[in-house]
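Next come the structures, one after another.
Two complexes are shown next, each including chain A; its partner changes from chain B in the first to chain C in the second.
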Partner chain A sequence: MNATGLRAPNLRDRPRGLLALALRAALVAVLLGAIVGPLAGLVLWSVAERWHWPALLPQQVGLKYWARITQGDLLAALTRGVAIASVTTVAALVTAIPVSYGAARARLPLGPVLLMLFLLPQAFPQLPVFASAAVLFYRWNLAGTYAGVVLIHLVGGLVYAVWTMTAVFRAIGEDIEEAAINLGASVTRTFFRISLPLALPGVVASSILVFIYSLDEFTGTLLVGAPYVTTLPVYMYTASLGYELQIASVTALVLMVPGVLLLVLMERFLRAEYLAFFGRL
Partner chain B sequence: MSAARPVEQVLWWLAAIPATMVIIVGFGLPLVQSLVASFTRDGVLTLANYELVYRLYRQDVVYTVMVAAAGLVLTFGIGIPLSGYLRLRHSQTAEFLLKVPLFVPFVVVGHAMRIFLAPRGTLPSLLHALGLVSPDTTLAISEGWIGLPIALAWKHLALVVLLLMGAFRGVGEEYLEAARGFGAGTFRQIWAVLVPMAAPSIGLAAVLSLTSMLASFSIPLMMTKGSGPQMLMIDLYHRYGLHGDFGTASAIGVVSYLLAAGAAYYYLKGVMRQ
Partner chain C sequence: MHVRVEDLTKRYGQVTALDGVSQTFPSGALTAVVGPSGCGKTTLLRCLAGFVAPDRGRLWMGDRDVTHTQPQSRDAAMVFQSYALWPHMTVFENLAFALRLRKVSRGDVGRRVREALDLVELDRVPGIEDRRPRQLSGGQQQRVALARAIVVRPQVLLLDEPLSNLDAKIRHRVRVEIRALQRRTGITAIYVTHDQEEAMSIADMVVVMEGGRVAQAGRPEEVYARPKSPFVAEFLGSTNVLAAVMDPDGRILPSAAGSLIFRAEDIQLASPREPAPAGSAWVDGEIVDVLFLGAGYRAYVRVGEEVIMADNRTPMPRGAVRAVIRLEKVFAFGRD
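This part shows the complex of A and B:
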């Protein structure tokens, strides 16, 4: 309502309404350009078979470079990455759940301290720690092996898994567990029969987070795995370094697929706090 | 909650061991090793690594801080008004678009920005086509210090808007209504109501973004070439990879820990004062 009561609102508001509408349209247009622009460049480069500067569009387009997905190095890096991500996800979830549940229900007396330990990797710059890990892994014959890459992915993956799963278990009411325990079920039985089934949607969301984290992980894989165990991000870097911009762009677009799928499909189901974790990928 | 029986207590502890071990072996131990390595050379305690960092990389420390600061200013210069506007006037399209960079990995952002901003990239060719720039001028956006803050801001803006929108939504509608009652427009509502009331969240988002930008590795690795000042993480990678000099690389790492800790300290000091 108009608090001064003197101003005729309509005279002022009509032009402002138009202006606001124009501003809104301009905002969406600028955002569209700024966000889609760089990504559109990737699409153009991925189909450019011949592109002489300064033409706006490639002179010759085709799917020659996209065909590389079905063969050779690119496919190998993709399947390797999916395999590593699958193992990492299962390992992260299985090992994270006891920590999260213990911390959420104060069954572990040092729960809060333990949780802080799992926040630590987020607080430090990644590269110096991973470089140091690579030195240790080299000494332990883990450098350039699948086990080494999975282990380095687990460090980051566990951070996501422990924190999302703790939030999930905290959201499940304790009274329903109390009821089961009062009826004579043991704590462990209550966990497997009551709490875990209730937490299943959260477990799925957490798995997707860890899977995509592992698939996109670059720094640790470059330091620990390369050149023997390369995944798509490392493959893209190598292609880009050798000025194979088309191959790098195809790889970049492939790397974006899981995330974009998730964005489109799960926008409504994913809670904001999970989304916030994606900012760190 | 009824306490668990002692046997179960022990079982839960045992079950928590594997995850804890992974963090200790894959993170804790390497962290300690890098601290120790930064103060040793050939097995002797020394400050030689730090002397080398000072001699070779002090300008890069300044450059890294400048790039991160520019990225931060850009991110929040756009992010605050944008989140405020979207808090007051919803736009599903804009909110959806802003989430997209969240799902684009850092390496992909680096590569996309490289081909978008390079002298012969997609943006310069678009500007030529529109007649805004003559084909003879070279727009070296990606290689200079301008391209990095743009790329960093592009990636971080999504998370910052997400955090700020959450904080702005926490500001009660009654305050905004009161401001509107006194004739405040969109701009005044953002600056006089939303920003001061969400200041702690803005500070936290700023520290998160700044530490991430200071430690950024894959974006500068994809975008920059060997010449000129470098981001610290690139120096570290080259020290480690090309020169095999783990001691000096670790000293650069410790400098980056201190920069990140400095940002966190200023934030905590600000929170304490309030």
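This part shows the complex of A and C:
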């Protein structure tokens, strides 16, 4: 093994090396195409002021549709979405922190059952779940309200929050807390001075997940919120229904910005071990 | 302040961790609780700290019955096996945490933190107060854990395998330091370990546990010299166990009726032609191997079906030999 490794590559190896290189290049090209291709299409459509079949490229290019960001409904939908996502995130944290702490410490009776319960809405196709939720919301006068949209976002958002934070709390050793209790700290003080600060990176990561989820959520928002509460995804949907592909493209690109930003942030906060927990329980 | 437990019992499902333990831990002394894993020593310590509620029995600290006292108000500070230092706080904050809880004035907090660091000999490490636990070596973390426990001046110090995460060299040094610290402060210390040598060398009293019960308790020399059961004798480093009995002349005869236990260091190897001296037990065998141990030689002697170890200052030739042990060094137990 060592001896052959030290020799110069012989001629028979060379075609194989070339083949591997070609395969790798092809793979990179396919991946790049898969990622950049749709993006390029979006960018192209967002600047196409006139683009008629069968032209390969738009006949007239300009920033007319991009200018729409600064005015009117697109911006309103964006701020509305951000507001809803913020409230959803806070509500998810307030609910998920105690639940996941209890589940992680096994102090909660039926902890695993509770965890499964939070996962349950994800086990069914979203449309029927949200549609029947919407029916209920109409009955309760929550349809078309901000509260209704926040609630429907919580159904999905809580899954991310509870599961990540259970993993985060489980990663904190129990003796770390016992040391504080042993030295005289109450359970509450121990939680706020020891456990929560240690869980903070995970809490931040979990909030980012919930925030992005809420910002991008479409089905529930459409069924419960429309037409009074429209967020960007719903706005985009309406735009593309009206064959305003340029508006839809601009919206899609705008919608990507917070997502990408927050994911980069999260990558710094969320340690691999927390993510690994998703495969366990 | 002495600590006393009475009839302490704790079960986890089918497993009995503590089976009616009654024991007094003398005031101002360092008591080592020692035993193999699963003997209940850690459960005992966690009962004393208040993290485990016993199913039955009582706990006393001085004259105070603390059986149902919350762990926060027991005045028994614990040093954890993992140290359990708070990673998001500096060394100073780790030590100041409990003092601030007790509403100690700002100036006194600083003074007492430095005092505690001085006691564990960390005061000479520059900038130690501002470092975080993960920036410290294992030995330093151990000392910070110790300092965090004694900074509150507890009546009782509980130590759970405090040296098991250190490598051998540092372990010996920190062991001596813990002993010196305990002497200096006069604190009542209860020290859990699985290492019998550590227990013997550090403690005023050892409590040997087996299967949730106290097998024997007493001064280390006493327990070592007069083990009450084969388990204690073996656990405290008696290397030889023979299924045998002695006849009136001291001759060791193989038998299923009893067991004889003696230490490798107590065996004299002599010629089988010489008569065994009076007041000793003896058995004939054959040296099958000799190992050099540095301080001396260890001979492996085949006796019937079994092999015993005998330590000597000088190397012995292989072949027939007579192993002679003074009678008071042989522990004879009937087979139950």
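The rule is simple: the second predicted complex is superposed on the first by the 249 of 281 C-alpha atoms of A that agree within 3 Å, B and C clash if a C-alpha of one lies under 4 Å from a C-alpha of the other, contacts with A are read in each partner's own complex, and residues count from 1 in each chain.
Quick note on the criterion: a residue touches a chain if its C-beta (ideal position, glycine included) is under 8 Å from a C-beta of that chain, and two chains touch if they have at least 3 such contacts.
Nothing here was measured: the structure is a model prediction, and the numbers come from that model.
Novice: According to the stated criteria, A:131 is in contact with first (chain B), second (chain C), both, or neither; which is it?
Specialist: It touches chain B, and chain C stays clear.
Novice: Looking at A:180 after the superposition, I want to know if it touches chain B, chain C, both of them or none. Which is it: first, second, both, neither?
Specialist: Touch status of A:180: second partner only.
Novice: Which partner does A:141 contact after superposing on A: first (chain B), second (chain C), both, neither?
Specialist: Neither partner.
Novice: Between chain B (first) and chain C (second), which, if any, makes contact with A:79: first, second, both or neither?
Specialist: A:79 sits against neither chain B nor chain C.
Novice: Which partner, chain B or chain C, touches the larger number of chain A residues?
Specialist: B
Novice: According to the stated criteria, A:219 is in contact with first (chain B), second (chain C), both, or neither; which is it?
Specialist: first
Novice: In the superposed arrangement, does A:198 touch chain B (first), chain C (second), both or neither?
Specialist: Once the two structures are laid over each other on A, A:198 reaches chain C alone.
Novice: On the A-aligned overlay, A:60 touches which partner chain: chain B = first, chain C = second, or both, or neither?
Specialist: neither
Novice: Once the complexes are superposed, what residues of chain A are shared between the chain B interface and the chain C interface?
Specialist: 178, 181-182, 186
Novice: What does chain C use to touch chain A in their complex?
Specialist: So the residues of chain C touching chain A come out as 49-51, 71-73, 76-78, 80-82, 84-88, 97-98, 101-102, 148-149, 152.
Novice: Contact residues on chain B for chain A in the complex?
Specialist: Listed in rising order, the residues of chain B that touch chain A are 1-2, 4-5, 8-9, 11-13, 15-16, 18-20, 22-23, 25-31, 33-34, 37, 82, 85, 89, 91, 93-94, 96-109, 111-116, 120-126, 128-129, 135, 154, 156, 158-159, 162-163, 166, 181-183, 211-212, 214-215, 217-218, 221-222, 233, 236-237, 240, 246, 249-250, 252-254, 256-257, 260, 264.
Novice: Within the complex, which stretch of chain A touches chain C?
Specialist: Per the touch definition, chain A meets chain C at residues 173, 175-176, 178-186, 189, 193-194, 197-198.
Novice: Show which residues of chain A lie in contact with chain B when the two form their complex.
Specialist: 1, 3-4, 20, 24, 27-28, 31-32, 34-42, 44-45, 53-56, 95-96, 98-99, 101-102, 105-108, 114, 117-118, 120-121, 123-133, 135-136, 151-152, 154-155, 158, 162, 174, 177-178, 181-182, 186-188, 216, 218-219, 233, 236-237, 240, 245, 248-249, 252, 255-256, 259-260, 262-263, 267, 272, 275-276, 278-281
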